[in-house]
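Paired with chain B in one complex and with chain C in the other, chain A is shared by the two complexes that follow.
Right, the complex of A and B next:
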């Protein structure tokens, strides 16, 4: 029982980190329908912004806030400068995926050329370990869980109860109709990119804090598990992404504790496939098929 | 609209894809080596056309440190060889080629290298990430490849052009078990990544621990590149080992030991040469603290007397190669860099002995310049070896990693030592005797 409690607790920590990033990924997709595989690069670049600030003496949590803003600005810039011209020219979903892969590669390689092929760590001690029955968590892990709770709740509330949220959902379902109804789709899309980048920034710093060390390609390396959480929850659904992150996080940790640590990914992705067999649209969202890039 | 690609969009898409392909090609293809070529001129013979040794390693991607590590061996050798007049009058050039550490990129890169470079005489490379994919290509092209892979697949290889200076992973695992016993630990755990590089030494380390009568309190195989190893770390903390025998990539090791330090204590770590790589130390040191890492780490590595004449020559050439090797001093204790240096010197001496730079000809002379034989002059530098050969003498090159006695499968075994990091340097704490390692292997 003690082992199970520990594994579930550890799974929640992992889920918190995945959830922040997965919500950002899926929020932007739900509004723009661009499956942005450069998202991991935005996480990494934001993580390095925090690293440079942290190395200059700034507290890591303040550095995370600045990195979030940097992620937002970068995300908007990538969309405006690179994606938007392609979208205007009618490139379809698949074409955009290829373009986002290219952008991700360019960002990763350019960053690697700047920072070199080395490993980096924040100057941020994990803090005192706190014992909750059989569960041991550090202050840093608790802070990350709290940030994830606040951030994902804010996104959900904003989408559900604000005019902006309704506008985003409108653009998501039918951009042309939303525009005809007076929704400023261009601004809404830009805001979606910005929020997605902000979450990528927070998620990147949280991930890098958690794994202790990172390189110029770390964000992209972890993108697959972030996408898995988003897809499991239902691509395009922020609350689904949170649930997907919880499933992935807890299944991997429980799998490692009770089964075989080497096969924890096998277990997590088997669960993903089983869920999608039963609910191809994921746990919450509508199927993304036949959606067009929003413009 | 979702399935339509507008005419102009196609052009944009084509441009993007072309850019992506070009980017990938840039990464995979031969990296510019103008500085290398410039230095190659040096004082080498003016008449001969340059000959080229490829540094075929990852210069980008997750294993991007492998390339600079090998370059730190190649460029000092290039400097010394060219200073001695080149190889049979040909200046030597080290050429970086990015394998990206991935067979999918490494195979086309190797094929391009073989097809495009008429002056290619040898290859450094084929680490554990790509060796099984690219070694057959160089074998078919009849180009000697000195690999740093530890994979057991090459322990009894029949590939004529494959050479390995460092001991295979299987021997490394046994040596790590022997070190645990020598250090007096009785409760031992093993933690290895599930990648090919780490798994090479895991079986012999585990069997060695059991054979030596030590208590194996935990045996973990980590799926590399995870966001968390908390459950594994918790299980390890509960097992309370005195020492952990471990090999995993920097990222995995850093995350795992950081989380272990949060749920318990990091015990003594018995590591392999990977832990001497600057990237591994930076990653793990950054995660658990450099002081703790230095205190707990016992690296089990091929024994290389760092005071040997060849090693001193290497380090001085390395430090003089700052133009091609940024921060050269970071590599001076890196066994892989040292082995790559020896590899280039051996190839050059074999060419001199064969009176030919043709790979299929000089390959047969590699053992003749390294094997001990009656009357052979022991040399520690390229210049000395070249002079002795010119005087008609037989030579035995004893390199910076020590004697290089290749067996019939072109593997040169090493002695092992336990080293500790202290005062900015690796220091030999103890040398493992053959009897101690044999007790772990059961032979």
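Right, the complex of A and C next:
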């Protein structure tokens, strides 16, 4: 029993990191319909921004805030400089997937050429371990869970109840109709990219804190798990992404404790494939039809 | 020519041949039919492993230093044929799960996930194919030939690759310029129209998925027999992207174009990087290869999306393209 509880504890931490990242990934997809496979690179680069600040003496949580901002700026920049022009050039949905992979590879390998193939870690103590019956979590892990709760609830509330959220959902369903109704589509799309980048930044730093050593490709490797969580919940649904993150996080860590630590991701991916066989649109997706790229 | 130059030349030729076969396999799926298979390199890997298992002999050989399934020693060309068969069957199984029910953007993502899962499984379950260390001492079918020098044996293998490439290339032409090829291109261009003509677009996708998987496996089998070793680091999921770049640069749906594209992207970029005056740090060189590949893809999608040697557009006579009287909407396509 104690083993199960501690495995679930690890699972919740993983789920928290996954939830932050998957909500960012899915939020941007729901507004623009671009599968951004460079998202993992935005996480990594933000993580390294935090690393550079942290190694020059800044507290890791402040570094995380700056990294979030950097992620947001990078994400908007990638969209404005590369994706937008390609979309206006008439590249279709699948062309865009290939473009985002190119951007991701270029970012990862440019970073790798600069920092080299070595492993890095933050200078941040995990903090005192806190016991809740059999559950043991460090202060750092608790902070990550708290950040995830706050960030994902904020996104959910903003989407549900604010004018901006309504505008985002409008652009997501029908961009040209939204524009005709006076929604400034371009700004809404830019804001979606910014928010997505901010979440990538927070998620990246949280991920690097949790796994303690990272390289120039760690974010892109983790992206596959993020995609699994987002697709499991139904891509484009932030609520679904949180649920998907919980399922994937807990299944992987319980699997690691009881079955095989190396094969834990396989378990999560098998859950994904099984769910998709029964419910091809994912757990929460509202729309089962494909849509064109929003412009 | 010195032995080293000969070996270098032979290696380049084998790589051009093997990558052309693989790129044609992906072209059938992505270029011609429009299926985004982000797990393509998995089928190349499957072919390599099966060819190794069917030619290495029992795993107790060589002191049992590596573990793997099957372990028989079959004569050439049975290991290669077995690899193709397995590649096709594996494609069929994965296609059954992903192609039938999922919408196409989910398909692409799930294929990406499948590719990663496969790597993790092969790395962690050592008894499958010796884990991350991979298989080595894979026999080359030309090695056993009596009365030939080492160099001559290498050239025999080059000839085997050339013959395979020629056969696959001719089959590609035959396939693409047949009525079946039109069904495939129609599935890419306008699925609804193909269905309205009484053809089954899902079945067409399944068929190219299996065919492409078998071609991927063929390329993997030849590659593993040439290198003599095969490990999970040879087929990480970004490797699939290199074949996508080859198809885009060469020209989607164009047989000759894709062969040229694969030679330029899969072999040319790697060779060109070696001669750049930027030192010899292997990390920087490898990173540069990826950066160039990514830039090439974006450059071509922006400036020449049809590729270097575009797919030939068939022109039909006026009577065939003129809409008949009283049939509005004929000829109009949906974006």
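Here is the rule we go by: the second predicted complex is superposed on the first by the 291 of 295 C-alpha atoms of A that agree within 3 Å, B and C clash if a C-alpha of one lies under 4 Å from a C-alpha of the other, contacts with A are read in each partner's own complex, and residues count from 1 in each chain.
Assume contacts are C-beta pairs under 8 Å (C-beta built on N, C-alpha and C of every residue); 3 or more make two chains touch, one makes a residue touch a chain.
Just so we're clear, the structure is a prediction, and the values are computed from it rather than from any experiment.
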item	value
Fit-or-clash call for chain B and chain C when the two complexes are aligned on chain A	clash
Touching partner for A:93 - first (chain B), second (chain C), both, neither	both
Which of chain B and chain C A:166 touches, first, second, both or neither	neither
Contacts of A:13 with chain B and chain C, given as first, second, both or neither	first
Touching partner for A:213 - first (chain B), second (chain C), both, neither	first
Touched partner set for A:120, first chain B, second chain C, both or neither	first
Contacts of A:222 with chain B and chain C, given as first, second, both or neither	first
First, second, both or neither for A:186, with chain B first and chain C second	neither
Which of chain B and chain C A:35 touches, first, second, both or neither	second
Partner contacting more residues of chain A (chain B vs chain C)	B
Chain C collision site on chain B, chosen from 44-52, 188-196 or 260-268, when both complexes are overlaid on chain A	188-196
Contacts on chain A seen with chain B and repeated with chain C across the two complexes	86, 89, 91-93, 95, 98-99, 101-102, 105-106, 109, 112, 117, 260, 262-263, 265, 290, 292
Complex contact set, residues of chain A against chain C	35, 82, 86, 89, 91-95, 97-99, 101-103, 105-106, 108-110, 112-113, 116-117, 224, 227-228, 231, 235, 260, 262-263, 265-266, 269-270, 272-273, 276-277, 280-282, 288-290, 292
Touching residues on chain B, where the partner in the complex is chain A	1-6, 8-9, 12-13, 16-17, 19-20, 23-24, 27, 59-62, 64-65, 67-68, 194, 220-223, 225-232, 234-235, 250-251, 254-255, 258, 262-263, 278-279, 282-284, 286-288
Parts of chain A lying in touch with chain B, wherever the complex brings them together	3, 6-7, 10, 13-14, 17-18, 85-86, 89-93, 95, 98-99, 101-102, 105-106, 109, 112, 117-121, 126, 129, 136, 138, 207, 210-215, 217-218, 221-222, 225, 249, 252-254, 256-257, 260-265, 290-293
Complex interface listing, chain C residues touching chain A	34, 36, 97, 101-106, 108-110, 112-114, 116-117, 120-121, 123-125, 237-238, 241, 244, 248, 283-284, 286-288, 290-291, 293-295, 297-298, 301-302, 305, 335
